[in-house]
Amino acid sequence: MTAEVMDHGLEARGLGCVRNDRQLFADLSFCLCPGQALILEGRNGSGKTSLLRILCGMRQPDDGQLCWNGEDIFRLGPEYHAQIAYVGHRDGVKQDLTATENLRLARGLGAPNPAFGIDAALDQVELWEHADSLARNLSAGQQRRLALARLLVTWAKLWILDEPFTSLDSLGIGIVESLFANHLAGGGMLAVTSHHPVSLNDADIIRINLST
Amino acid sequence: MSTASLNRAFALLLWRDLVLALRRRTELLNPLLFFVLVTTLFPLGIGADPALLSAIAPGIIWVAALLAAMLSLDSVFRSDFEDGSLEQFLISAQPLSVLVLAKVVAHWLITGLPLLIVAPLLGLLLHLSGASIGALLLTLLLGTPVLSLIGAIGVALTVGLRRGGVILSLLVLPLYIPVLIFAADAVASSGAGLPITAHLSLLAALLVLALSLSPLATAAALKISLS
Amino acid sequence: MLRFFHQLGSPKHFYRIAGSWIPWLAAVCGLLMLYGLYQGMVVAPTDYQQGDSYRIMFIHVPSAWMSLFIYVVMAAAGAIGLIWHMKLAEVIAISSAPIGASFTFLALVTGSIWGKPMWGTWWVWDARLTSELILLFLYLGVMALYGAIDDKRTAARATAILAIVGVVNIPIIHYSVEWWNTLHQGPTVTKFGAPSIDIRMLIPLLVMAVAFKLFYLLVVLMRARVEVLERERNARWVRELVEAP
Amino acid sequence: MSGVQEFFHMGGYAVYVWSSYAIALVVLVANILVPVFQRRKLLARLARRQRRERRQP
């Protein structure tokens, strides 16, 4: 994936979020540039998921602004969404579709990634042999890897992941961490929350703790 | 975001919903069974006098079709909401209203259109004349998509609620009234040999209005429900 | 003038300004209503056709006007709240719903009571009464949706969408009911209107209409103040207010 | 019948006219009282909450 030189990524200015009138966080500012990873830490209910949903543009921040290449993400709309991929708590995998069908759908919804076919993506997450089995018949860990395979089939510069390692075994975690490393090396960006320590050896990491 | 990728996303989502519905084929019958069941209740309640039945048949069949369409609305977004795919639509590269339109068209093909298969049978059950059954099919063809389109707005507003079903009927049924009035009267008038072009053009106008406005409202409602 | 709106935008100022208006509004509205009732019940002559039963018109017609007026205001305020994220517009929209529903209910009840002497039945499927009934369902739908969603901000924005969809549908429903009414009404279309308007009948009608509009403004400000207090209950100015009311 | 009696008689339609006005009065008064009681209840609730907060260290 060729990294475009000129864009300078996601910039948050004074973000604030209130959920049923409790101030989760306020005046949060950071700048996420190509090749950087944002790791969100904090206790349960400290607003990590809400912040991620704001980054995705699914939720309006109660105050402050979020800009992608200097442009407010809510004004960009689908244009911004074409550049991101999101995997939340729920996998977003349809149980009655096969692994291939799930990925074909994800590929159609986002900006298709010419470098990765569906089979190549399945191979990356070692689900190639389950390509035609229904998602219903896959284990929780395999379904999680299928959800993460979605990141590969679309050309997304910014990956936004909520607890990506849940229900993954150590082998699975290793696979996913290597995906992160390649993505960052290719000039991609990462925003992730995880109770599991994310080992990105030489990547440029920004840590934000929401519960301090 | 070229129109090619837009059409592909639309077709893909339509294909997905149809495949999902076919993989759970038994559930396809539920709206039809409900439609037939409700219609057969009326003669049991009102009596079997053919003249009376054929007089009130248009209203009965259309109210039953309307209720069947409304009850099947819940499936439009519920399963996607629960397994997280609805979030994927919100952050897709395609405008949400187009994806919503694809889902509503799929829902209409799965639940609305099949009502037309059963309608003639119900027409005979209630002694409707041949011309009326023809008008019934035409009005159902024009009316059921409007029911799905308007219903989608109600579903999008209540998708986040635990027991959204009850409220859905309160939100959606008042908006179904114009369709019911024009369609039921079209069937009645054709039975009396009157022309029904006025009714059909009004139904078509409602369809065009719903097609152009309701996906936007549904998309906005989804963004709010999921925020 | 701009400063005024900007100031009104902040909940604290709105609470204070609305509070200062309420006594005056109540006084003027009360006087107007008394004057309107006096004109309507005493000064206005007996109608040669309907006798004195037409005097119900001075309540029924203004409430019917108000039921529609408030729905439109609710939809507009909802739209402003949605597009410009103005908290105050959301509060005004959601505070208007119960008032609109009460006026619609009032129009329905007084309409059917007024119809009783003329047609001998309590309910007649007249076009306007039927439209009022459907409008009541629209109001109940808005209020039910607001009640069902826990988070106040999401609930306000969802009801704004429903109100906008509703306001687009109101003319369609109205004309489809008119169409339906002329079909089933048969040849003798009973004009459910007021008798030929004598000036002494028109004045109380208009006075009552203005009085009802002031009444709506009064009650919507009162309800909005409570809603603002509820939403800003953690704010400092509310804590101070609670300490020293 | 004196003027006052005639006024209340309403030309025979007394029942309909005065029942409508009674219902109208009830609806309007209710609309005034509801926000007043709501505000009072809310202020009391907030006052209780603030007293409770002060008591905890």
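Order of writing sets the labels: A, B, C and D. Residues in every chain begin at 1.
Simple rule for what comes next: a contact is a pair of C-beta atoms (placed from the backbone, for glycine too) under 8 Å apart; a residue touches a chain by one contact, two chains touch by 3 or more.
All figures in this text were calculated on a predicted structure; none of them were measured in a lab.
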Tell me which of A-C and A-B has more C-beta pairs in contact. A-B
Identify the chain whose mean C-alpha position lies nearest to the mean of all protein C-alpha atoms shown. B
The chain whose C-alpha centroid lies farthest from that of chain B is chain D
Roughly how far is chain A from chain C, centre to centre by C-alpha average, rounded to an integer in Å? 48
Distance between the centres, which are taken as Cα means, of chain B and chain A, whole angstrom: 36
When centres are defined as mean Cα positions, the distance from chain C to chain D in whole Å is 17
Geometric centre distance via CA averages, chain D-chain A, whole Å: 55
Give the residues of chain B touching no fewer than two other chains, as numbers and ranges. 227
Give the residues of chain C touching no fewer than two other chains, as numbers and ranges. 233
Chains grouped in pairs wherever the two touch, ordered by label: A-B, A-C, B-C, C-D
Give the list of chain C residues in touch with chain A in this complex. 85, 150-152, 231, 233-234
Of all residues in chain D, those that touch chain C in their complex: 7, 10-13, 16-17, 19-21, 23-24, 27-28, 30-32, 34-36, 38-39, 42-43, 46-47, 50
Using the touch definition from the top, list the residues of chain C that touch chain B in their complex. 82, 134, 137-138, 140-141, 144-145, 148-149, 154, 157-158, 161-162, 164-166, 168-169, 172-173, 176-177, 179-180, 183
Going by the contact rule set out above, which residues of chain A touch chain C in the complex? 19-21, 60
Going by the contact rule at the top, pick out the chain B residues touching chain C in the complex. 153, 157-158, 160-161, 164, 167, 170-171, 173-175, 177-178, 181-182, 185, 202, 206, 209, 213, 217, 220-221, 224-225, 227
